[in-house]
Amino acid sequence: MSDDRMQKMLLWWEMQQLQERYTATLDNDRLEEWPELFADDCFYEIMPRENEMAGLPIALVRCENKGMLRDRVLSLREANIYEAHVYRHFTSGLEITAASTAEVTMQASYAVLQTLQDGETRVYQTGRYVDRVVKTADGWRYGSKRAIYDTLRVQTLLATPV
Amino acid sequence: MSDDRMQKMLLWWEMQQLQERYTATLDNDRLEEWPELFADDCFYEIMPRENEMAGLPIALVRCENKGMLRDRVLSLREANIYEAHVYRHFTSGLEITAASTAEVTMQASYAVLQTLQDGETRVYQTGRYVDRVVKTADGWRYGSKRAIYDTLRVQTLLATPV
Amino acid sequence: MSDDRMQKMLLWWEMQQLQERYTATLDNDRLEEWPELFADDCFYEIMPRENEMAGLPIALVRCENKGMLRDRVLSLREANIYEAHVYRHFTSGLEITAASTAEVTMQASYAVLQTLQDGETRVYQTGRYVDRVVKTADGWRYGSKRAIYDTLRVQTLLATPV
Amino acid sequence: MNIPHQDYRKDSAENLIFPRDDGSRVPYAVFSSPDIYAREQERIFRGPTWSFLGLEAEIPNPGDFKATYVGDTPVVVTRTEDGTLACWVNRCAHRGAMVCRTPRGNTLSHTCVYHQWNYDAHGNLSGVPFSRGMKHMKGMPADFDPSCNGLTKLRVESYKGLLFATFSATVESLFDYIGAEMRPWVDRIFYKPIEYLGCTRQYSKSNWKLYLENVKDPYHASLLHLFHSTFNIARVGMKVRTIADEQYGLHSILTTTRNEENMGDAYKQQNIQTYNESIRLHDPSLLDVRQEYDELITNHIQPIFPQLVIQQIHNTLVARQLLAKGPNNFELIFHYFGYADDDPELRAMRIKQANLVGPSGYISMEDTEATELVQRGTAPDGGRTSVIDMARDAPEQSDSMITERLIRTFWAGYRRLMDLQGAGDER
Amino acid sequence: MNIPHQDYRKDSAENLIFPRDDGSRVPYAVFSSPDIYAREQERIFRGPTWSFLGLEAEIPNPGDFKATYVGDTPVVVTRTEDGTLACWVNRCAHRGAMVCRTPRGNTLSHTCVYHQWNYDAHGNLSGVPFSRGMKHMKGMPADFDPSCNGLTKLRVESYKGLLFATFSATVESLFDYIGAEMRPWVDRIFYKPIEYLGCTRQYSKSNWKLYLENVKDPYHASLLHLFHSTFNIARVGMKVRTIADEQYGLHSILTTTRNEENMGDAYKQQNIQTYNESIRLHDPSLLDVRQEYDELITNHIQPIFPQLVIQQIHNTLVARQLLAKGPNNFELIFHYFGYADDDPELRAMRIKQANLVGPSGYISMEDTEATELVQRGTAPDGGRTSVIDMARDAPEQSDSMITERLIRTFWAGYRRLMDLQGAGDER
Amino acid sequence: MNIPHQDYRKDSAENLIFPRDDGSRVPYAVFSSPDIYAREQERIFRGPTWSFLGLEAEIPNPGDFKATYVGDTPVVVTRTEDGTLACWVNRCAHRGAMVCRTPRGNTLSHTCVYHQWNYDAHGNLSGVPFSRGMKHMKGMPADFDPSCNGLTKLRVESYKGLLFATFSATVESLFDYIGAEMRPWVDRIFYKPIEYLGCTRQYSKSNWKLYLENVKDPYHASLLHLFHSTFNIARVGMKVRTIADEQYGLHSILTTTRNEENMGDAYKQQNIQTYNESIRLHDPSLLDVRQEYDELITNHIQPIFPQLVIQQIHNTLVARQLLAKGPNNFELIFHYFGYADDDPELRAMRIKQANLVGPSGYISMEDTEATELVQRGTAPDGGRTSVIDMARDAPEQSDSMITERLIRTFWAGYRRLMDLQGAGDER
């Protein structure tokens, strides 16, 4: 087999593993680990598709650094009031759009299914992740992660990150 | 490339393939093959998240051995009355939590979409698989598979395994 | 590690990559690239499960060659009137049912979530892909792709391919 | 706000007014009022009409059955042991369970799963478990008469292989119901044995009558469906024919026939769609037509009220079944067929041309988009009315595509059948 | 159409008629009419009945609480600081927010999140932030009396560890409500401390009363549930017992007891299910039974109207809570339990036998399938009636499985409680 | 059950009673009754009110349009060729299809897809295909007057860049409708050109008026939203201002202004939330405020009935549009903006502070959680009433955060506008 193909597969696998770890972290309520999937210098936002398309800057959630990621989690745990729920993330169509040894850019489709206290599960949100992944001492981490969501009507509220 | 990374990827792939085969078996109505994805000494249950959280033992379905898995299938095929339906399983966030050459433990998020006779498709159940996989003469098989479901309100009934 | 296992994994990966690219192409509205995922001599159809089961030939969409694929896209872009929407595809349970160096047959479960102008996301369709993949000068391409759908009640209309 | 505004939430059948007797003004509440919908079940689907169920070719053999609907009542149509047809409500005479649980199948004996009451293909009660008791245990009472406790039967008739049923004991025969004006056009399509090729199903968030408006509306054809004009497909001028049945005015036929005159220029004059001359189909073979009938009709659209639309477009042949699903939804089931003696090439053409019609059809997918736009536009304001005026000054002109006469005729007939208020009452 | 057809959309309580006073004909509209459902909330769930809430074993400690429903009103049942029980409507006295936001928990102090009004476990208002104002800012008005602004309290009582509540100030005690006929059978199961083992939940697209019909219906047992017969599980002949309570006729008990007579032949005679002799369970230990009570009752099914069904099947013990969710849906919550002194092996048997019952139970999953088939069959035609005739000639026969007497008794009692028209009015 | 219980399902507008004229007791049925909802469409959204549509900055150029709603009627607001504004119902004059099919866009010519009737930006009918027929085919009738068959036009006005429309021909000008009390506060925010920054949308399973209660309720602010107190963010004592408009009492303004007095102690005295002193924000820059106005108002919340809430919180500026979606749901659209002359740093601050507000806002996400809790708590019992008593003894006190006076004023005005029964009728 060609070593090139193998290298490409390995890179794909490492990116896929990062996405899977991201999913597992959020779906199993390990929110405190969530900021650790990001590089120290990082950016995260949840952006409505309509603003993205129109070039407008307002996001639903916008964290400009790792401290802000941690503050989101802290506020969810300690301050905010919302109905207890479970998320299940599903991703597909992962595309690596550029890759160097230090940085990878990629995008993927995602869906989040949510279960509330009534025990019913609904499609909560779909969208597209647009990610920049950087090599850190701890391995690949998100330098930037943007969730550009299709489901413009946010049902009730969005508390937990997607 | 490091052989270690490659070994990890291969192990991941083998686990992933087992999950995919599990999905394909159930989604394509090959129920008779379903018990064969388990080791001879095995355990399977579908457990409501609320009981799991509270440490209570009652499951929706509980098979304590391979015979009981086969009995489920046999009963579905021969005895029980329920509306004909199709399942589509989706899994994500696969995490290998421990691994030896003989045994792997892992967990993943899952969703099951169901289509009934009216030709409409609904989210039927989401949850988390918690699996123990063992090496057998036939390859990796489930020693234990637990589907801990979020969707506490089971719609109508649950006949086919998830 | 055995070279055979590795070869199998590589083949799986290449098939998986083709499916992922298919998803990415449709989910990101790059419809003009969609016919390019097919071999020159190709077949595509979207077939209701009930007709498939009954051995009846009528499909929802049936493209007997690459020109017809391109005509679909052209008509969607230029002629047909339908509500703007976004698809998100998810696939699972990929099974390679036969493989040679020149051709692979495989099947997988799929789901399509759709978001319309009201900003709500719904399960639009689930089903099973049955694919024949052929090696071309440009790499693996679909020689035949059949989407056999469970969701017999097509909501409103089906414009964009699945 | 120049137009006076009716009290738009009083959508009961009693309050509804058709301000003109010619059917040219329809209060929008007919498309969303639950009260109107309930009245339709009584006066139309359980009243003096025949509802289309499917094709005989779907149930060729004794025991073959199909579960479907008359209005919102589930029924089963089946072929009995002697080849005759039967149709009964799919509701057990015992405690009301649906008896038949699959859309299609074959059996001459239908057993309700709840207590295994058993019915023959005619819907007669043929078995009640433990009806005579067992040992000391009593069974059914002495006054229980199985012959009075069968499934509710409907009259069922077939015309040229098209299956219909009615709850009405008084409505005329199916032959007369279809009527003298419509029968020749049914005969035109169903003149020899057919082969059933499969079906597709479409669910629309709009009222069922919006679909009937649509199939009685030649005016929209070239304006909503832009496939032909976009791809510069030369459509030689069409001769049009619109006929409504005399008795009810609820059935109709619309045909377009190729002739020599080119209509392309007309479009351009109207400025309704400018051609992009560079767009061409990669595979124009989709539009190949093989002439099958004497007259070169390319479109034959024939609604037989309330549940059937017969369609021939090029070489596609479809019997569309229209099912109301509450006031705000309908289901449309396309039954595709060919002729039993089609040669392989013609059969392949029909299968390929299915791309033109149905839920993904190049020249049809816009119809449900349109009916849903009307549903959304009209639901908030049930007191307003549509303006159905095209060619209103030429009520007898039957050779025009620029007309809404079939729609007006439809609404006038609908109002009478539903016994709703007209202009006379209002003014 | 031989049977005259009532105007099926006039489903208001006033128009509804039970054509026979013995409960043997039930107009199908009771299963889907919103008006009937609203009347049930008033006359049943807020009327002179006791609704089951759960087991004392679910809230053993002071502060333990559980959020549930009486009809469609959300309530909380909790154990107070002194171990007594309290139950109140889960709606803040201030502006109406649900106070308790989790299904279970432990607290003696409930705070509404909106403005942090605080209530003790009894539902008394114990704190209103800023009630006395602050500095120049005024607080609550002088005439505001916290003691009149607590949560709406329900009467709550426990019988043998089963929790019930009522909105009625006049209904008799729970002891008397359960009544002399039913109490011995409740006592049979709840004769010693229990251990709560968990719950499962099922949601059915059918009316809640269809489930009550089902648990009063020995006739369906062997006909709908085919597990035993399919697997050739020898069921020695069963002695059956059916008893309705005397006062209301809405509660009942149904038992089957093993005896020596083999019923297998009876089935074959009735031709209702032919055995495939080759099918056997791989692990028949699922059906092992350990005898726990004097009489070898294998099935004990006891609805205590309106929200409880006590069940013992083999060694499974379940208190099923039935919650109406609008006219067309119900939720069923299975509370599984054992006895506190079970040995490990018996406890394991109960956990394993849970495979038999609940939403996936081998001998129970068909029940919601059946109730949904009835819902779909009956909803389109509310004026038609069921035919509940089995053993109607033997109203006193209480040792038969081939009978619908408990169902008839139920409907007669339901009609009285709901004050709906009977035959007298009609004829 | 000490409190008498009204017949809770008779939720028609006629049966509804407000037991006190001061608005302090509101029957819960106003939040879930379909009849009340229908009456609101007539009396409020089609009555003498101005409904907010959006910002002029969203449609700056000729041809720019936006599709939105007045109540549940779809409308389009657009800028015409000469820069003036127009607003019309999004329903074709022909057969009722929605004409505009995208939420935003730019065109001066709107064509209905169904039959390509064409309208100009003012909503005038400018083209009907084949209106004069073609060859032998007749077109529109002689009495068809295009000038009477345009789209239904609404009056549209802008005040300081805020767009409003009304169906009413008699309601006063927008200037007077906003009124003398409210205008200065609108002017405070809209005193110079703005830049539109984007929007977010939230859908809540609760009645639209629960959201209006919420934005008129200073009492809940520190009790429901715990972000500041949790993170020990020193909030220097706030000066509060509450004003309702004199004419209707349905608009209001609520401001909080920083002063020197520390309120933290007050919280502790009330025992409503104990601080965990160790919790601090990692990045407190989120809470940086740049003073923009003379008075250091940190919160400006100003509902202009029925569809607008103007909000300034720190440096975030938002025009919230409130859309009723049936009795049980509302949609809330947050239109974020800055000033056209913002320096980059201030613009970046606004974008960052958007984290505070909207569907995921640190200090706002609880509001829809609260309104949904009220919806679920109140829907089952429409005859009960809320108790809106805070500072009821001090109706003139306008400098208190501990008050529900704006809510009482709102309900009193709502009752009058809706013409519902008050205490006088009842007693």
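A, B, C, D, E and F label the chains in the order they appear, each numbered from 1.
Assume a contact is a pair of C-beta atoms (placed from the backbone, for glycine too) under 8 Å apart; a residue touches a chain by one contact, two chains touch by 3 or more.
Bear in mind the structure is a predicted one, so any value in this text is a computation, not a measurement.
Asker: Supply the minimal count of touching-chain steps required to go from chain A to chain D.
Answerer: 2
Asker: Averaging only over C-alpha atoms, locate the centres of chain C and chain E and give their separation in whole Å.
Answerer: 48
Asker: How many angstrom lie between the CA centroids of chain C and chain D, rounded to a whole number?
Answerer: Comparing mean C-alpha positions, chain D is 32 Å from chain C.
Asker: Take the average of all CA coordinates in chain B, do the same for chain D, and state the distance between these two points in whole angstrom.
Answerer: 44
Asker: Rounded to a whole Å, what is the gap between the Cα centroids of chain A and chain B?
Answerer: A distance of 26 Å separates the two centres.
Asker: Residues touching two or more other chains, restricted to chain A: which are they?
Answerer: 6, 9, 81, 83, 90, 119, 123, 152-153
Asker: Give the residues of chain D that touch two or more other chains, as numbers and ranges in rising order.
Answerer: 101, 103, 113, 201, 224, 366, 369 - these are the residues of chain D that touch more than one other chain.
Asker: Spell out all pairs of chains that touch, sorted by label.
Answerer: Here the touching pairs of chains are A-B, A-C, A-E, A-F, B-C, B-D, B-E, C-D, C-F, D-E, D-F, E-F.
Asker: Considering only the defined contacts, which chain B positions touch chain A in the complex?
Answerer: 1, 5-6, 9, 12, 49, 90, 92-95, 107-111, 123, 125-128, 150-153
Asker: Using the touch rule from the top, collect the residues of chain F that touch chain E in their complex.
Answerer: Those residues of chain F that touch chain E are 1-3, 5, 7-9, 28, 213, 219-220, 223-224, 266, 270-273, 366, 369-370, 373-374, 376-378, 380-381, 384, 386-394, 397, 399-403.
Asker: Tell me, which parts of chain E touch chain F in their complex?
Answerer: So the residues of chain E touching chain F come out as 38-39, 41-42, 46, 71-74, 89-99, 101, 113-116, 127, 129-130, 133-134, 136-142, 144, 148-149, 152-154, 167-169.
Asker: Spell out the residues on chain D that touch chain B in their complex, using ranges where they run on.
Answerer: It is residues 101-103, 113, 201 of chain D that touch chain B.
Asker: Taking the touch rule as given, give the residues of chain A at its contact with chain B in the complex, in rising order.
Answerer: Per the stated touch rule, the residues are 3, 6-7, 9-10, 13, 17, 20-21, 23-24, 27-28, 86, 88-91, 113, 115, 118-123.
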